[in-house]
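What follows is a set of structures for review.
What follows is chain A paired twice: with chain B in the first complex and chain C in the second.
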Partner chain A sequence: MAEQSPESTAIAPPRRPMSAQLKAGLLIVGTIVLLSLLAPWIAPHPWDTISIHTRFQPPSMTYWLGTDDYGRDVLSRLLMGGRLSLAMGIGATVISVLFGVPMGLAAGYFRGNVDEVLMRVSDVLMAIPAIMLGLLVLAVMPPALWKTAVAVGLVYVPLIARVARSVTLGLTNEEFVQAARARAENALYILFREILPNAWPPLIVEASLRVTYAILLGSALSFLGLGAQPPSSDWGLMISEARAFIDRAPWIALAPGFAMCLLVIGINLIGDGLREQLDPRLKGQIAKA
Partner chain B sequence: MAGYVLRRLFLIALVLAAVSLLVFTITSILPASVAHLILGPFAPPDQIKALEIKLGLNDPILLQYWRWATRFITGDFGESMLMNRPVAPILAEAIQRSATLTISAFTLVALVGVSLGVIAALRHNRPLDHAISVATYLGIAVPEFFWSIVVILVFAAYLGWLPASGYEPLSTGFWIWLKHIIAPTITLVFAHLAHVSRLTRSSMIEVLQSPYVTAARAKGLPERVVVIRHALRNALLPTITVLALDIGRLMGGVVVIETVFAYPGLGRLLVFSIQQRDLPTLQAAILVVAAIYAFANLLADLLYAWLNPKIRYGRTVA
Partner chain C sequence: MTLSIEGLTVSYRVPGGTVTALSDVSLSVPKGRTLAVVGESGSGKSTIALAVMGLLASEAQILAGRILYEGTDLLGLEPNARRQLRGARIALIFQDPFSVFNPSLRVGEQVGEGLIHHKGFSKKAALLRAIDLLHEVGIDDAAAVANAYPHELSGGMRQRALIAGALAAEPDFLILDEPTTALDVTIEAQILDLLDEQQERRGLSMLFITHNLAVVRRIADEVAVVYAGDVVESGPTAEVLAHPLHPYTKGLLAAIPRLDAREARLAAIPGRLPDLRRLPTGCRFERRCPFAQPHCRFPQAIAAAGSARAVRCVRASDLATSAWPKARVVAPPPRQQPVAAGPVVATDRLAKAFTLTRGLAALTFEGWTPVMRPVRVRAIDGVSLTITRGEVLGLVGESGSGKTTLGRAILRLVDADDGTIQIAGEDVTLAPQNTLVPMRRIAQIVFQNPDSSLNPRKTVGEIIARPLQRFAIVRSCEVAGRVRALLDLVRLPVHYADRYPHQMSGGEKQRIGIARAIATDPQFIVCDEPVSALDVSVQAAIVNLLADLRDRLNVAYLLISHDIAVVAHLADRIAVMYRGRIVETGTRDEVIMSPYHPYTEALLSAVPTLTRSDHDRIHLPLQARRSAGTTGCVFAGRCPRRIGTICDTVEPPLRAPRPGHTMACHLPLGGVVPTAAETVLSVGPSAEPRDAAHLRSK
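Let's turn to the complex of A and B:
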């Protein structure tokens, strides 16, 4: 990470060997990301070819994870679905960072009325449970996966803004910021060239954890039918579609379910590991969702 | 203290007013016209126009909001467009059913979560602690909707002990009623246990190492008294805050779980009203949820202050 940042910030991490947690997390997430990226080339069967002869095949040598109600290979669908779920989670996080970070920077730097207005707006947004806010946003338009990503991203804007704000509050009194002010730099320059580069480490941790929650929330919305639309399906929709055959063919639901658990565990391990790496005092403590 | 509570109540009112404005704005840009919904897809255009004028749908949005809000405050939540009944009783029924679900889940989460956390802390770094850690890690990682499928698979499809979904009123018999509640409750508990037990564990470990616990042990108090009376009382502080916040989180979890289990509570009503574009129901349901959420947060802060004498709201508030 940013080695050359000024020491006065005290946020810049000293180099420390990676913990086992972090390594395990990176391994799990790396594998899933790699497999999902390579999905079109490594998928053993076409993900969307319907065949009546291969319906509800249990896992076998030909179909490692079995087939679904349309006779489609579950493994291939899982790999392709992983792409969608990951893209949705990362897209949503990018959106929340794009909006949340400038909001938080402005609130923390200008304080006063700007802060008051931005924080009250985020109070209002946080007064509704995330999933309901997502439902509400999606109610306005016909469902599609990218809209789910936008909705989830918007839901998380206030959370990212809060983190950015509290980091900025700590940084505005630092000497390098005062120096920039003394040079009569404009506010935009100070916010994005002086404060932002030093605020990244905690924001990166927060964002990497947000990806998990984004995937969980997005999949829940997809599960409720407000995400990916058939025949393509992310893991949430795969589980939802498999519900009807849970007693006959449980593997259709279990495969995406386990994949999702693995991904979330991996990202959590990375988050915990990074937190420890950046701030050893927090060792043993845990994050609230 | 009273001043602080009053101030918080005032803020809650402000937030709810803002939420209502937000919800009203979002719902009024919904693509489907209300008049279309009431009259059906084949209604002649002039009838639709007439109804739109009668309902005031062409008035400025702020005027519409004002009309809606003033009626809402007096307890008139309007009429559900799909069920042809006033929203208030529909909502009351749904809240009652959701409350049964969330209260039983919440009680179990509190009891089991704290116990697991304490056990893990007492067996710090021993196999049982690790087993509980792994289990709670899973609890955080597994999404609620997947838990619900696992529960259905195990208890309904495989063991056949419980019905896979649905709801029966208490009047059909206690056992039938209970059977329909168990599966969604278990699912909610699984999904929410982890936070509570992990937090209890970490604060319990910290407290058990503090000097006053050593002092209590040195006095020769039995371990049970040391753990429960001395350590747990202090270790529970952060847990209680998280528990109160969990009330809000359970409200969110209820949306998915009620839908999966076809349990006719607040969450399913909400999803239903969004899917069917039943605006009056949607608006009222969201506001109710936001209100519960806000009061749960207030409760968390007040409980925290009451339990921890070091915190006194109101005196030093800037």
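Let's turn to the complex of A and C:
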């Protein structure tokens, strides 16, 4: 043909190395998840054995993080509680993403009445304080951890939906979506195969933020007695129980508080790192000058 | 010399290395003259402007060189002294008039801003001066414009206001970074005139950065061609463009489609810029150069060629007379003549209006009475056209004339309000979207922006395979084979199937967009500005590809472009669109060589060319003298040949001066029409009363 090699043979840009924050985040969260999963086997003491003799022991070689008011080992309870807190945070986020993403995609793509109805519903949901909504759900049903997770998840549906909608609004005007319409693709294909893969980066950041909020909200509900039930050890519940002794035995509250802090930081780091990692357009910018 | 750049070397730190944007660049601009810097994207031309202004990004490093402005080295100045110089003595005008203004400040404030900072004007005095300046750059109702917000002005108006702002502090040096690229040709011509006029009046020296050689010929005294950070050729504009010495300059010139000479295929420059992170040690153009010889691998020095010219090519003197090789049409298959099977696309009085304000925004008050008055724009207004099998219909017009809407309305990507669309004999005007599958297979689209038209999350293979699967064109086991065949058809190597869009250049992405469109084996493709986002050398290759595919597949195109030269190169027939209406249609030669409609005439004469002189150009007023009424001709407000009130009151009938050539105008068909020179309308103040028409009426 007229020109056999068009503007060819540029080397594909190298795969972006993992950013430091992603590595740090993965390390923190990975450690917490691993320790929590292995809790029954690595916990140095039984997490629920009450012993009068060992009440309020400060951290020592035997009890690394001390003991609480019932003489239970704080470290063991922390490890076991990690499972519940993580399950809570991740479970709730999965639920909010499962409902919120399709809602936001539909609202952003179809616009018009669909948009109005979905977004007004989510406005109403957002207007109610999260903790009230959680209380409402749990008030009508006997408390159980999975119900707390569902309640917290539903609270965050509108927030995820908002983000999904705003990303979709932008992407709907992109020409590749027009090209899909010019192929007579149906709306489901366009939403989930063309738009959604490009909407993930902001959604992942938002969802990772939600995991941390969900853990906090779940803890708050546990704190109010509506989440994990004693003697289970949710981190929120642990803090709530330790409140009374914060002056005498601060370690009981500090340990779960600090653990929660670490987890939240770790998850946020992962969220930020993933956004950069996942965006192919960011990688392409290397070649620009 | 007002400005001279000596041995400037600039690099950018980027992930994965250092990009050398400029290597040892030397340029000089004599006082009162214009130097144009030409190059493709990535050549480093904008870096020159930023380096002179001292606005380089923080990743940039100036490794060597001096920038002398009237004898002082700018690079040695303190930041404060540098800032004093910037704006006051040297002003910069950016490419995009749409994003330079702050949208929440009035234009007058922004034009006069420099006076407050550099000349210590009071706010009030600055505003008064700003109004004077706006008047000086050809804006008639300057006070109203000064009081307007940027979004209320059209692109041409904004660029004028920007120039006024740049001139405010009376600089003697102007740097213009692609000042007309975002504008329509008619507006571009006016801005270039304005720059000429201001240069003469103020004795300005200008550094004009552009990719468009025709604009260079129009405005510059001298030109420097840059390639991959090297100046490859410099000299007086007329000489360089008439007798280019460097192969790259030859290639650039050959790649431009011309209105006057029609080649079967454009000459394209193969390949792409070298990787600026690992520059070749020898000639940087060697890999793309058809004249390359083994000794081109050694470093090339810039050498004087004649009295005023310099060229960076050892073979320059050998090649002085050899032209860039013409594109070969390899075994052109006999072009199948359109079968008399009826048109593949036919529209009848198609119309589409957009409502700009809806809901509460449309609520206005007349006195105390609330009235709902939604603002509606007729994007397409009664368009009837037919395209037969294998035919290319070119659609030209300024931005905002409704070209894109028309293309999308034909494909039912936007729903028309009125009129009918037939595709391959089938009326699809009202068919529900889910019954359009057969139509969608027949009619496809290629988009303008190669960055946005490919899903960044999909590989090229997936992108091309999808239409094959969607329409079950081949059995699933044959999809991969067909993808390879399609890649081959658009002349990309087969291994590109595994790449993601961001791993390809703009031209390659556009090839993928074309491959996706032809995958369904369509009879008709809407090409919506398929090359306007590409560099000249790449543009030529894509235009050639479209021509080849038309010949091979006998597919019809609706070729939408604001670039008449591209349309004229490919099209069999041309339709000219203005404000939603087709004002003239005819065969390519009829429309280009002997246009009937005054708008076509003006559009053609505004196109900057490499050969024609500019004296006989028709100047269109920037904005309509009156807002287009509901009756009469849509073009009457700007028409240089307006006959009288009939133009304002009676809608021009569609008439056929020749069989197959139609136009909508009241002008007598056979009558002697006055020459362009007699009808030149000045851009300056006119006796006619003007309403707020320069405030954008759309």
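The criterion applied here is as follows: the second predicted complex is superposed on the first by the 240 of 289 C-alpha atoms of A that agree within 3 Å, B and C clash if a C-alpha of one lies under 4 Å from a C-alpha of the other, contacts with A are read in each partner's own complex, and residues count from 1 in each chain.
Basically, contacts are C-beta pairs under 8 Å (C-beta built on N, C-alpha and C of every residue); 3 or more make two chains touch, one makes a residue touch a chain.
All of these numbers come straight from a predicted model, not from anything done at the bench.
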### Task
Please indicate which partner A:Trp64 is in contact with in the superposed arrangement: first for chain B, second for chain C, both, or neither.
neither
### Query
Between chain B (first) and chain C (second), which, if any, makes contact with A:Phe99: first, second, both or neither?
neither
### Query
Where does A:Glu174 make contact in the superposed view: on chain B (first), on chain C (second), on both, or on neither?
second
### Query
Does the superposition put A:Ala253 against chain B (first), chain C (second), both, or neither?
first
### Query
Can A:Phe245 be said to touch chain B (first), chain C (second), both, or neither?
neither
### Message
Taking the superposition on A as described, I'd like to know which of chain B and chain C A:Ala182 touches: first, second, both or neither.
### Response
second
### Message
Please report the chain A residues shared by its interface with chain B and its interface with chain C.
### Response
284, 286, 288-289
### Query
Residues of chain A touching chain B in their complex?
120, 123-124, 127-132, 135-141, 216, 219-220, 223-225, 236, 239-240, 242-243, 246-247, 250, 253, 257, 260-262, 264-265, 268, 284-286, 288-289
### Message
Under the stated contact criterion, what part of chain B meets chain A in this complex?
### Response
15-16, 18-19, 22-23, 26-27, 29-31, 137-138, 140-146, 149-150, 152-153, 157, 195, 198-199, 202, 205, 242, 245, 248-249, 251-252, 255-256, 259-260, 270-271, 274-275, 277, 282, 286, 289-290, 293-294
### Task
Would you pull the chain A residues touching chain C in the complex into a rising list?
1-14, 16, 174-176, 178-179, 181-186, 194, 197-198, 280-281, 283-284, 286-289
## Note on the structure
So, in the complex, the side of chain C touching chain A is made of residues 12, 14-16, 19, 21, 42, 44, 265, 268, 270-272, 275-276, 327-330, 408, 411, 413, 433-434, 436-437, 440, 443-445, 447-449, 452-458, 466-467, 470-471, 491-493, 499-505, 507-508, 511, 513, 516, 520, 538, 541, 544, 548
